[in-house]
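As written, the chains take the letters A, B and C, and residue 1 is the first residue of each chain.
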Amino acid sequence: MLHVLSRRRLLASAAAVPILAATARGETISGQLPWSPFAGEPPKPVNPLGWYFFHPGEAATVEAIVDRLIPADHLSPGGKDCGCAVFIDRQLAGSFGQASRLYTKGPFMPGLSTQGYQGDLAPAGRYRLGLRALDDYTNTTYKKNFVALAAEEQDEVLAGLDGGKIKLKLRPGFSTKEFFELVLQNTMEGFFADPLYGGNRGMASWKMVGFPGARYDYRDHIDKHNVPYPKGPVSIYGKEA
Amino acid sequence: MARLLPKKDAVIIGLGWTGSILAQQLTDAGLNVVAIERGPWRDTATDFNIGYMQDELRFAIRKDLFLQPAVEAMTMRNSLSQTALPMRDYGSFLPGNGVGGAGVHWNGHTWRFWDSDFEIKTHLTKRYGAGKIKDLQLQDWGVSWSEIEPSFDKFEYLGGISGKAGNLKGQIQPGGNPFESPRARDYPNPPMRMPYASALFADKMKELGFHPFPLPSANLSQAYVNPLGVRMGQCSYCGFCERFACGNYSKASAQTTILPVLVKKPNFEARTECEVLKINLTADGKHARSVTYLDAHGVEVEQPGDMVLVCAYGLMNVRMMLLSKIGAPYDPVSGKGVVGRNYCYQTSAGARLLFEDKHFNPFIGAGSLGQTIDDFNGDAFDHSKLDFVGGAGISCTVTNGRPISNRPTAPGTPRWGAKWKQATAEGYQNAMGFGSQGSSYPVRENYLDLDPTYTDRHGRPLLRVTFDFPDNDIAMSNYLSDQMEKMLKPFNAKYSAVSRLRKGWNSVPYQSTHNTGGAVMGGDPKTSAVNKYLQSWDVPNVFVIGASAFAHNAGMNPTGTVGALAFWAAEAITTKYIKNPGALVPA
Amino acid sequence: MKQVIFVAAFAALSTSAFADDAGKYQAILGDCAGCHGKDLSGGVTLMTPFGKLVTPNITPDKDTGIGNYTADDFRAAMKQGLAPGGKRLYPAMPYPYYARMSDGDVAALWSWLQTVKPVKNSVDVNQLHFPFNMRIMMAGWSLFAPSSIRVSDVVGKSDAWHRGDYLVNGPAHCGACHSPKTMLGADKGPLTGAVLQGWYAPDLTSDPNAGLGRWSTADIVDYLKTGRNAHSIASGPMAEAVENSSSQMNDADLTAIAVYLKDLPASHGNGGPATGAEAQMKAGKDGYDINCAACHGPDGKGNALFPPLAANPNVLQVRDNTIVRVVLAGTRAAATTGAPTGPAMPSLGWKLSNQQAADILTYVRNNWGNRAPAVSAETVERIRGELHSGS
């Protein structure tokens, strides 16, 4: 982030002596707290069109999966129409997909369940491998890709992944359970996160549970015990619902 | 060849809570101070934007403000018989990063450990006999309640802590904590306003004969001007508190309480995005000369100082001592050595209740908003007939209703599909909970050292955490779970469940970022790494300030006690040490 | 003649109480550091309506500063806008105001300036384009656009009033920002408010709405000394004026300034309230509740940290440049010894559309008893463009 000194661009006024020995990264701060206009790093809303990470077949598979994890009903549209697959796609195309913030130095050794994920694949790699393995499994068992299965069959497969009955051919350090957990977690993130990330279209999930979203001041309601909150949800970039 | 800079009076490693308090006190005493911080500069004005702070995915799930494991990870194992592997992502605990450290995104619970904590071995031996604690490595801290109490007061007034005193100079006050140790004066701000769940909890606890009181909170109940003249705002119960920075100056942090005054001083300088690699000692190993750090361009720089204050967070403090060879590393097999000894954590369990047709409005919350009882904490109750020592506070806090993580359903509900949806829509407004946060007592085999295999991005060995819950603590926690089960009845919930702690600490699910010990304070250099003033026994111009100094962890959040120790150490440095540099306590 | 002596006597009286640092105090009153930099070595770029000016080095360095000036040279620069060799200064150097300073004060300032650490900093000052780079034009300017700074010929006023008159219209040169300008850049209408490249320096008359009519003298003193009072908070360019200059003035002088300002006749108001703006008011209230209430309060009263919006003159000016700008780009309040926090308004331009910002500001300007013209989306769009283009 750039800390540019605020300059008074006026007649009869001027900037103070710079207080930042600013380098490209890393600063010496002394004398005054840094400030600049337009400071901050607001989140970038995703472009909702197209796929940045998934190949078309992968995208269709993920759309089918999220539609079973979060089926459409009177409470909300399904995972696909809520944009969960778009959300996952954008996440995998970015730093989450690359595991940029994680410790990825070797050696990679098999770990105990208390030691967390010890595989060498970042989430992007895990999806590529997992989705392919999923279709391998369904082709073996049902003679079809996952997308072509009936809804009940898809549910059956997902339940099998969740419960541990089905074991996909993955990779040492990356189990079927871990694959399912990853997909489930990302789907839920997509469903419940702020719509700017591509999911939760129309704040559907927030309306479903009654979460007011990006509001920041509840001093006028905290004393109203057991009284429903009267205002609808608001997202970071959007208008009120 | 490192670039050599002009000497400073004091070099502070890390500019979080402790670094800021020490810098403020030392610069007031006229010292020339530089604070070297690995992470970035952060401030409300430039980074905690009230328009985009409300982003659960970014800050709570992707952990934007926290330390990235790519920068520094740690390895873990439960016991000596296991091989430690890296926590490739942090889970169980989430260290902070940047100026302000975890003090930027903490919950804000601000406790004082009890007088019995500072003299725990003496106290428990006297009450129950030495046999009761023979399997635990409990030890006195080397400092007494009357010595440390004024420092708690200073930290609470610095931060504008909102609460209700329970014991004023020995007089028990209604509405406060009757079990707390005597305080000179009340909190600087009144308690926060309570949400439905916490108010309900307090009512039921009173019915059961317990003593609920409001959590002492660094989320301010009203606007405030602290003793430095720095102003803070009023908490708006936004529900984006822990894991998030505060957008309206109402959560106490170095930024909101100290930095506006500190940064203006001509004798203070902060250097950010500079990582200290080690402290350099003289050839005899008895004196620190300088620190070596990598600046943001990766250039190696040597910063000499007359004293070095290690304020990098408890775990990193210990690692810095080990890497710099300050103090003898602890060996759990022989029990000898001190650096890494008495590592402790936190021992917790919880109750979940689900109702029908309620409106708990869980999104109206703050990090330290709630009611709590200490009737089962520490040694507040008689353990004579019990097979453990220690206890837990039981709290009903309402911190958030952020739906990626908080969407409770009845036990047995599937985790996806149509039934999941129905249960989630029904459960969101109908759930509340309370939990026990219990003491964590030291045992010989829980400790910290340097990992033999894994290294960081600069090639230095990672810290290795060897920890499991001791049998004593499991017994304590299960006893607390028993008590919580008894407490469920008056609530008359539709579903309820109480969790029970088991052996095998799992590093994956989040539990607590209360890592304590490893460079403990004490009266005996054979069992402590620093003396009662947090001065290294081995290198007298090095002070190590943080929860690393805790000889054990109590059933309370550590920050209040960490803040007090920072003021306590600062007082020792400015009133005793700089007049007469050298060991303040004969070894 | 009589009047000038009268005033000069006051100037001498007030500064002699600070004999030790008399010159340094003059530099504080005049806010030299504001343009010439904290070490006075210049090189700071000022955006004027006529182009960019860069301030010269006024340290005693012989090669790059004013080390070769005599006392007379300095006096001529300060009071007539003349540099050695007959070169004319642009009135970005507010010499029409400094012209009112007493010879004693100018001399004290000169003495002190010579003790400042010389700094080698070579500055190319003349950066205006033709024809404005022709300083000879300043001669004409000096003749035809005389300063409209009033020489007070009023009788029956207190000593403090006269001192305040001297300060406001002399060294503190408040009108340089707060008085609207003619096309030639001279002052027209004293202290009724003026647009300055993206900010609006507010009305300082006793108008009860847009001016200081609702402020007491103690309020004004508080504001100048600490950067804040119960009504408002200084940020942007005024924050720097407070930090560099007014927060270091002595209490008697601050009181004098307050007394003088409180006596200014009211201006003609701000053209409010907004009419026919019901849709904006409704949308603005919703937007306010979501984006603003958490700091400024649902009642617009602020708190110990954040300024109120109700009855805040900054909100009520006839022109909305300041409030649009702070919403889009954010701002940081002054940090003084009396109020060190310097709280900030975050930048919300990334989040609010032009219409949303206009609605919220219209609501703020017309709620809680406030009355001021509505803000249009077009205005917000224009100001947003100006801010981003750096104009």
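Throughout what follows, a residue touches a chain if its C-beta (ideal position, glycine included) is under 8 Å from a C-beta of that chain, and two chains touch if they have at least 3 such contacts.
Not measured: the values here are computed from a predicted model.
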Geometric centre: closest chain by C-alpha means: B
Pair of chains joined by more contacts [C-beta pairs], A-C or B-C: A-C
Approximate Å spacing (C-alpha centroids) for the pair chain A, chain B: 29
Euclidean distance of C-alpha centroids - chain A vs chain C, Å: 48
Residues of chain C touching at least two other chains: 293-294, 330, 332, 335, 342, 344, 346-347, 350-351
Numbers and ranges of chain A residues touching at least 2 other chains: 32-33, 35, 39-40, 42, 214-217, 219, 236
Interface hub residues of chain B, defined as touching at least two other chains: 43, 45-46, 49-52, 234, 236, 238, 247-248, 260, 264
Chain B residues within the chain C interface of the complex: 43-46, 48-52, 222-225, 228-234, 236, 238, 247-249, 260-261, 264
Residues of chain C that touch chain A when the two form their complex: 33-39, 44-49, 55, 92, 94, 173, 176-177, 196-199, 236-237, 240-241, 243-244, 286, 289-290, 293-294, 298, 328-332, 335, 342, 344, 346-347, 349-351, 387, 390
Chain A residues touching chain B - in the complex, by the definition given at the top: 1, 3, 23-36, 39-43, 68-71, 73, 75-76, 96, 100-105, 107, 109, 111-118, 155, 158, 162, 184, 187-189, 192-194, 197, 205-206, 208-219, 221-223, 225-229, 236
Touching residues (chain side chain B, partner chain A) in the complex: 40-41, 43, 45-47, 49-58, 61-63, 68-70, 73, 76-78, 82-83, 85-89, 91, 193-196, 199-200, 234, 236-240, 247-248, 259-260, 263-264, 266, 268-274, 295-297, 358-361, 363-364, 401-404, 407, 415-418, 421-422, 424-425, 428-429, 453-455, 504-508
Residues of chain C touching chain B in the complex: 291, 293-295, 303-306, 330, 332, 335, 337-344, 346-348, 350-351
